[in-house]
Amino acid sequence: MRPELKEYNLDWLFASTFSVAKYLANSSPGEMEYVYKYIPYVSKLLKPLLETGKPAITFLDLFGDYYTNIVNAKENGKKVVMTTFCFDPCIFYAVDNLLPVTLEIGTALTSLAWKRGSTDFMDYCTEIGFSETGCSSQRGAMGAYLAGLGAQIDLVALNMGGVCDTNANAYNFAAQYLDVPYYGLDYPSELTSDDVREYHHQDYRNLVRFIEEHTQCKFDIDKLREVLEEKRKQDDLMNEIEDMQRLIPSPVPGIFHIMIYAARYIYSGKKKFTKLLGEMVEIVRDNAKKGLSGLSNGVEKNRTFLVYIDNYSNGIALYEWFEKKGISHLGNILSRTFAETAPYTTGIPGTAYRIDTTNFDTMIDTLADINARMPMTRTIRGAYDAPNMWLDDTLSLAKIYGADCCIYLGTPGCRNTWSNIKLMARDLEAFGYPTYIAYGDSFDSRVETWETTEMRFEEFYNIRGLL
Amino acid sequence: MKTAGCDIGSRTAKAVIFENNKIISSAVIPAKLDPVESSETVIQMALEKAKLKMGDMDQIVGTGYGQQEIPFAHRLESEIVCHAKGAWWNMPSVRMIIDIGGQDSKAIKIDENGKVIRYTYNDKCASGTGRFLEIMADALQVALDEMGEIGKTSKERLTISNQCVIFAETEVVSLINEEKDVADIINALHRSLANRVASLARSLTIEQDVVMTGGVAKNRGVFDALSDGIGVPVKALDGIDPQINGALGAAIIASEV
Amino acid sequence: MSIAAGFDVGSLSTKAVIIKQNKIAGSAIIKSGPKPVESADRVMAKLLDDTGITQGDIKRAVGTGYGREKIKFINHAISEISCHAKGAQFFVPSARTIIDIGGQDCKVIKLDQDGNIIKFITNDKCASGTGRFLDVMAKVMNIDVSELGKLSQKSTKPISFASICTVWAQADVIKHINSRRPAEDICAGINTAMANRVSMLTNAIKVEQDICMTGGVAKNQGVVKALSSILGCRIKKVKKADPQLIGAIGAALFAQEIL
Amino acid sequence: MNSIFMEAATNLEISSIRKWKEKGGKIVGYTCSFMPVEIFHAADILPIRLRGINAHSMEISDSYYGPFVCSFPKAVIQLAGSGKYDFLDGVVLSNGCDTLRRMNDCWRKMGEDIKGALPSWFYYLDVPHKPDGHAFEWYVNQLKKLISAIEKQFNVQISEVKLNTAIKAQNEIRDLIWKIETLRRESPLKLTGSEAYAAIIAGTLMPVDEYKNHLNEFLNTILKRKGDRAEEKKKIFLGGSICDDFELIALIEKSDAVVVGENICFGIRNVKDRVSEANNPIQALTKKYLSTSVCPRMMGWYKQRAAMIIERIKHIKADGAIIQNIRFCDLHGTENGLLERDFEKNKIPSLRIEREYGPLTETGRLKMRVDAFIEQLKSADIKE
């Protein structure tokens, strides 16, 4: 890594950027333009963000908050746990001296806001022995923490073993490299059987013990209930947005999907996230009432569903392009929640989770059930065409939202989806959904330039007559 | 109505002049550094052969890697659509087109009206493109267009497996050092390229007739290896240079207004 | 008179060196042909021509490079890695890290104070960061590879390359040429892309000073500059000899030891 | 070099497999070392480890698998798609890693396109990534399910007695292999790594009794040998991704070195590496097979694995270690990065390489690296 980069602390950069950025909202358009001149890359994210009004301020405030806490963790006697995006962090907020850092979110933020994204950190991981072919979503932010350019990590706790080994492997490397305790939830390839339910519950109980052991602090039942009740509210709000997205035109602004993705994986169970969702729902409701599209130019020409990840590299070029073309972004697999109250959950027992706050045990079981049904842990564990797995979920979501076509965007580090996306695409086409497989990297613009991706998209939408 | 199609590839530039459903003339030149220059030179060549002037053209459609740079094109159309159109016009029974270009390779599935149903590009690796053969011809110090002939005389069956072109080149270097016969190495290269491309067609599920277009289609070695690779016979375009197929398609599309 | 010779049959060029009492008494470089045996014979002929010695004068010879086992007239074959280390050490005794960028691969070698190899690393993952990368790029820009360095010095706005893959970067270069970006900026971009790649290997082995760079690419000022700025320390170069010859010189030194 | 073992190591449908089929015997293929072969032996079914050797192109597998995927499962799919595995009566796949888990998806889809490419019996064994507690129980149940599935499909009885006999037989084989393992590092050198490795690979492909006889013969011939100048050769330990293409070991041994031990996903690691014959067979099999010592897929057990490997390297007095991973095998690629660091701490010289699985066409590049590594080890002695 370049010597000069070793001067900047990742958490601190984010903390200051976001907590300052929220004040931009109070400034005049002229002042904003003036400021943007000095932040040519961050502004690419801030401009469209601030156009959403209230939610933007809460969003920036939320992230300013989150990273400031991490920066001050040690002073405030808090321990920092490194975790993954498909792990519901609300459990950590039920312990008062624990703060989660979620690598994938950090990586996504760098690629959204910085010129070179986190590519320098990615390369640093390679330099210290991590596989260069590993998933870029972890390699980005992970490099910073392993280089000591972020909070000092006290423990590593995550899920994904058995679902995405590549992911679990990355966190295992981090734990070994930093020599800190590691606990990984493990997932069999099935989802709905009683056996597997039991497995999830026991596995999660061990996690609880692990956390208590390494934070020297017990779970406070009231705090746990409070967090889960908050999460219930958040699920309901997300479900309402999801539900309104069925309208034609879709009243949901595309950028909301980035905001939900980013916030839910770090602030699940926290009041600020509920506030953010509340403000988003108001806007979507308002659009829905007026029959307005969430697109800034107001005209919806196409509805596209992303079957895997979004594109976070190249700033928010994808969103801008969708806006320009009049394409409604119907979100991706990762911005989903599989609560039993979600509009697309089937009601088949075991497919969705129910929040039960009766007592400590029911709450822990609930958390286990939630984690087992986070978008990826649920969707890509078993065979892609098994019930309630990738194909099922994609088809039902595409149908409910009236998608015109599907796009696969991921990362070359994804052994999982790159082992079956060709099969997926075949089946989706057979079900009448034109499907395009993009070769770019959602977190690393070096793999395929935006120009190339854009050219391919243009071609796909034109040839398949989608616009 | 007189129309023209101009296809600016990364390696060659092609032009076709088209009138009442007939090819009047065509031209192929090696691409110059400046695509504008390439397009002007190649269209002039085609026009001269047809004893026509730029002014006589009612419609000109541009396509290919450098289509944005063609100054005289009235419309632009993607290579996919042009290749589909050209091959279908030449052979209505065609349902699948495999095109190996310099920059990328494609498999295209079309319906009985020549409309594109599905298409796919080479996996993000250049070992499935025309560039692969160029770099290898370089390493072997043979001319690109001689490779087909030389490959025929192969006796021993070698394998070149690496996905990365440059590493594949190192494999070639090691084979040379083992004093393997150049013909055998070339034959292995042909199979390696053909098999990479075959997987594209297979991933769309093969449907006959299958034709191969693009300059590489002239390379008998790759052509035959491709038939083995997809398990059904690959056909050659009927009586035209496979290299001009993209430009031809563009010219046909130009005539459809 | 005891003469030791070293032969380095590389994938792109073949080199020969003779050493008399620890002094380089002559050398020859030719472009490698498809058959290493022939390349070796040709370079030998040229060497004898240029130096006026006879093959009989050569008491011991060591071969290295991809074609090393094929050379008829050598007593030993030793890997490029050992030979480059040996050669570099001979000119820069203080060298602890040696970066050698050859035609087909890139090697970073770590030495102890006696010049023994402690560890080395080579590019397995990606071919960019090898001499071939620069050749391909120079070819696209239709300039001589030796000009890449000089041109890039004039650059004011270096282009940053998206793709690191040799073949895809090639497409980018063509794009930039089409959009008429100044050649020096493209060259600078190419050199930096190259340096980035090499720096990853170098850092992976935990670089120790002094760093010495050998191989043809060491002649490219652009790469050397970019690399030293990424690594944050200066890179020594072999002044007294053509950096391309280091492998052959190392081989000759080994031959002299056995002598 | 023992010709039977050589044949086994370098061919797919070997003579003993053909003989077995002629006798009307059933054969089931498996992909991962977490599959207890004893269960199949107990049912008089021949379990063979699926391999990707001699796959010279990927045009079939590349139409199912994507580009950024390890070439081992691709090679297996390619062979299955081109009819090379038509002799199988069944296949057991498991979640060895993401890509192996997805082999289930790809193989089934290929079965729709290519008649007969999908074996009549296609089973998925769901192996946890933890060795104890609820994971242990889960695996026990998985084995019970597997057993009843086999009984149903092939209408056989897998009694406890039969299981115990099968376990006993496999243990005897383990003891014989361990004898070979101990001989490997003796000096003067009585056998090469390639020979030993061929013998070990053959074990994943042959009926128990036949294999046992060959092993005994092999041992006797070795013991009769006078032995070769071992001291001049460098003793190498090999670890990392699956490597049944034993040419890699042959290539290493071309460079004046001898491979004296491996930590690859087959073979055995120490004398205790057996299945307990004392108690309940399924419990015993679980204890042996749900092991943290074999594969980085058991996340969170790196320290134990590293300690075991380093202890072995010191015990067999290897001069250096070569750790390799197949391109896109992140599990081993990453663990090799950690091992490299810990080898250095323990003063064990190591060479870390990334390679493609299958026909060793990267010979030139690999040879140069290995040669240099051996030269490095030799120059180290001169220094001392």
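Things worth noting here:
Letters A, B, C and D mark the chains in the order given here, with residues in each chain numbered from 1 onward.
Throughout what follows, a contact is a pair of C-beta atoms (placed from the backbone, for glycine too) under 8 Å apart; a residue touches a chain by one contact, two chains touch by 3 or more.
None of these values were measured; they are calculated from a predicted model.
With contact taken as defined at the outset, chain C and chain D are each touched by A, B. Interface comparison, A-C versus A-D: the pair with the greater number of contacting C-beta pairs is A-D. One inter-chain figure worth recording: chain B and chain D are separated by 44 Å, centre to centre, where each centre is the mean of the chain's CA atoms. Averaging C-alpha coordinates per chain places the centre of chain A 38 Å away from that of chain D. Annotation: 37 Å between the Cα-based centres of chain B and chain C. Taken residue by residue, chain D touches two or more other chains at 63-64, 66-67, 327, 364-365, whereas all remaining positions touch fewer. Chain A has residues 128-129, 132-133, 412, 422, 426, 447-448 in contact with two or more other chains. For chain B, residues touching at least two other chains, in rising order: 123-124, 167, 170, 173-174, 177, 203, 205. If you sketch which chains touch which, every chain touches every other chain without exception. On the side of chain B, the complex with chain D involves touching residues 123-125, 157, 159-163, 167, 170-171, 173-175, 177, 191-192, 194-196, 198-203, 205, 229-230. Only residues 66, 78-82, 104-105, 114, 116-122, 124-125 of chain C touch chain D when the two sit together in their complex.
Considering their complex, residues 1-3, 116, 123-124, 126-129, 132-133, 445-449, 451 of chain A touch chain C.
Of all residues in chain D, only 327, 344, 349, 352-355, 364-365, 368-369, 371-373, 375-376, 379-380, 382-383 touch chain C in the complex they form.
Remark: chain D residues 56-64, 66-67, 71, 113, 327, 356, 358-359, 361-365 touch chain B in the complex.
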